[in-house]
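A short worksheet on the structure shown next.
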């Protein structure tokens, strides 16, 4: 089968390589000519423009966009000028699912098919495969199934769930038709919301281990400092990187995120390369907004998101107010950082 | 009636003044001779030492300690060497209620009476009166009632609760016998826990108002930044100090903490005098630990406490881990602060 | 001055009464003829329809809508059919501020002026006055100022903020021109978000006090129950209604919400009339969504919202998953409620 | 090597089987004679009492206790009456690490060695192996290493961390000497705290998916209900069990907890066997208490704990207060459940 790939960054290039490695043909395009050249060297058909790309593809075309959420609409507008009715456009990035719903409607009126495909796997996906969450019309999903199969990890990537038998389902192979347009990115959005929560759970726990020797430190006695009680219970110098490694086998918290934490700590035990400003990139926010629309409590997922906001300095004015109140009612002078 | 006062800092000196203003006698002691001299000038009997203090008081003595929680045990040990069985010692500071329970037991064996008195009111208390939460034996509470009445705001400080009639209760006057030893500081501890939560609610809300013009700013389009959708809805330049003033009258969030916020912002609209490092001083922590022992959920009170920890830089290692994970799975470079 | 009032429910009727008590004329309308008749008896001009209302008013008309957020658009459509260019429509309910922005734009094109006015004060507002947060064009705000003054509590409702002098500002009188259309309901929205947080802070704290005798209860010893350590520290039978009363005077947590809590508990100490299903009505949700759009952390305000969702039973499926996981990894049988 | 095992419940029996399967001898004891008999049939040496157990073991004895945290002290007292100086007692259950520190001190004075061993793996551990977190004197840890090796999963249970080379460390094999006494259960405690957070992250996310069709439902329009905006974006009927299966391969949230969730949902898609009352059993609470002592923020881990408390009905009084406040300020009647 033939697939067009627009956007040859971290994700797009690796995905095209994986698709080709499974025997499919890729026609690739990117504003960066070097990126296109590298893929041509790897066996792809290169295109210097979207027009050229379209001209090199068989109909009905299937074109996968792997570009930042912020420029999808622009690329889409440019692209459809060169496509024909019946062609399929797949947005594999991190678009907001509401945009998918709106776009799909517009494109349908113009005769195109739209697919939203949430893609998890990160930079390791070329080897491990990509977990694909698809929103699409049924026939379009069916038509693209060979591509999804090529990208997905396959059932052998994990032991089958006890009690599940017969031919592996699509989900077991690592891709799923989640529903009509929007459903794919909706599921991916929630996936990322969960990711934020799991990451924070691990990070908070390791932070507790890191401070387990606080009883060894001297403590100030003044009205502005909570007294340290029972320092004898906080005398542990925990080897945090070793604990990360330890939990990878046999423990309840075993997970790919833990694997990555162990890897990062094995290279840099103090993580000194990082200052602690944690970005967020949309899906975490949208997850909470969906939860609120649904009236579903998400204490954990929200807390994880807000901690990132705080790490970005966004709590500053609130904290200034707190210090100001304390000065007003208690005459407390703010401690210096 | 006669009251001894040990500790003439922000709180102790003002409380002694209020007690004297209501016609009682105060015998005062503090390591700082100037502080003693100032109170003598204000009509108190001064004492250069705890021994001298004891010698100048009638039996049974009632001695109020207003010292940092961290040195209560030391002062107590020094003090009781000069007291006699039947004397009363009041801890009016912010001791952990568990210490009260343990101390009361020990002191009782030695023939003394112990009182734990949670005191709210801050530096404004000399004028407004102090809200007193008392843990004590019944007779001891009764004996000290004139002092509590002198310190408390009195019923006229607020309109009576609709439906409550007859002679004002102690609670309406602003002091309450909360239970046996420990109960006073237990109630004060929870009071402070609530205070953290109310402060945070106000601070978070004002922070939202402060950022209501975010739609006017330029936004970056990259994979590390959540896109700003619909900037047309974030074009407000809210006069935050005026809103604080506004809400003081007629609104549901009217409160003393809001009054103080309005005052602080009237003086310094940007609160530039504060950097945003918010101290915590024990009671907030103990409140959460009590809630956990009781199995009672405290999402809000805990969140307020943790935000203070974060403002103190204590989330740093957790945040480094998050950035490290993001680098591992997505190749995301950490943005600089 | 003359004011039209549409919607004579809890809020609208009381507001009209207050406006009339300050010497203004009210023309009132409501689908419920009895409600109109009651207001006519109180001195208002009644109208059986919006058409009749319009016919009885001087131009430029100023019509205040006090109707549920869900039907504002419908009422508005019906209303403007009877109005003339230059007339003013005020939405005093709890509309989403984004609707205000959109509505104002449309109405402006049709020659009308729109005002969004967040109104706090609840059923007590007729006596206490209403705190008004206004989004409007400057001239329209100026034109309506006599009405705002009539509704607002006035500066005497609270002591002036120390350091603030001269003629009281609008904010000190209890109303504020927060900005262009939308700004009024934006500020009101955040106000309600804060309200949720403050309410939760108080409620959580009282819940801790309520359970302070947990050490007196028998505890189960099995692998499914967290053991009770040190029950000797949880032996307090706190008189919770008296504590609510106590804190009203002199304490840091003094607030109108506390006054109301004390009132409710004075009538019904166990609050047995309530089952604990807590509604939310829009503003709390929108506050969080604004915070997320702004990238501002709101741990406390969100937690308060989610606790309401949980009280509505919305955590159920999540909790079933947790019990299922525990059964899977630990063979834990779920305890019965 | 020889190991005594006290407590043949879910965990103890399986651990003894695994130890024996690796060529070691087990002497087993349990109040339940049938449980002992079953283990004798499986090759263990049975003992009808602790005395008999001691008499059947070689010195220095190594006795592993696998009993509920609440009865450890009692079993320990009974046990040491039959042991000799130099013997080793291992607590493999879920004791509070502070008890370990205190117990180890006492036992050391009596000539015994104490080991605290946090054990993760649950009922699957017999096959998968157990992840072991050990607090012990160095020589004692070394002496017991063959047992730990038998219990642990071994390095082959997961791919080695990229960049880690040479002979596998203990941590890679699945056991770690975390530090002196207490360190083992400290690390296990934090492990379980993380577990709570990861579980909640998954559960909250699936709950959002479950409610993604809320836009299809009818919605009430009244002042007590937050209006549903844009129902067109909540029209998805997500197959939640299939999503759980999907994410097991290639996604960032892949984890053992997800595997278990998929398994539970494969058997019972609605999880109807569970009502949603989620127990907690100590470690989650202690984790938060440690974090607070350390001053480390744990928004996520705490939120997960409190949600369990809420599921147990412990928020009820707080929620009644909220409904009462709403009735007071807004005249809102509480909706029925």
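Going by the order they are written in, the chains are A, B, C and D; count residues from 1 in each one.
Operating definition for what follows: a contact is a pair of C-beta atoms (placed from the backbone, for glycine too) under 8 Å apart; a residue touches a chain by one contact, two chains touch by 3 or more.
As the structure is a computational prediction, the values presented were derived from the model and not from experiment.
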item: Centroid comparison with subunit D (C-alpha atoms), farthest chain; value: C
item: Chain pair with the higher count of C-beta pairs in contact (B-D, A-D); value: A-D
item: Centre-of-Cα separation between subunit B and subunit A, whole angstrom; value: 43
item: Distance between the centres, which are taken as Cα means, of subunit D and subunit A, whole angstrom; value: 28
item: Between subunit D and subunit B, distance of the C-alpha-averaged centres to the nearest whole Å; value: 38
item: Junction residues of subunit D - those touching two or more other chains; value: 122, 200, 202, 204, 207, 211, 226, 229, 252, 256-257, 263, 280, 285, 293-299, 303, 306-307, 310, 314-315, 318, 329
item: Subunit C partner contacts - residues on subunit B that touch it in the complex; value: 97-98, 101, 120-122, 125, 128-131, 133, 152-155, 157-159, 161-164, 169, 171-176, 178-180, 182-183, 186-187, 190-198, 200-202, 204-205, 207-209, 211-212, 214, 226, 228-230, 232-239, 242-243, 245-259, 262-263, 266-267, 287, 290-291, 293-301, 303-304, 306-307
item: Contacting residues of subunit C [partner subunit D, same complex]; value: 10, 68-71, 96, 122-124, 199-200, 202-204, 206-207, 210-211, 221-227, 229, 256-257, 260-261, 263-265, 268, 271, 273-282, 284-285, 299, 303, 307-308, 310-311, 313-332, 334-337
item: Residues of subunit C that touch subunit A when the two form their complex; value: 252, 280, 285, 288-289, 292-299, 302-303, 305-307, 309-310, 312, 314-315, 318, 329
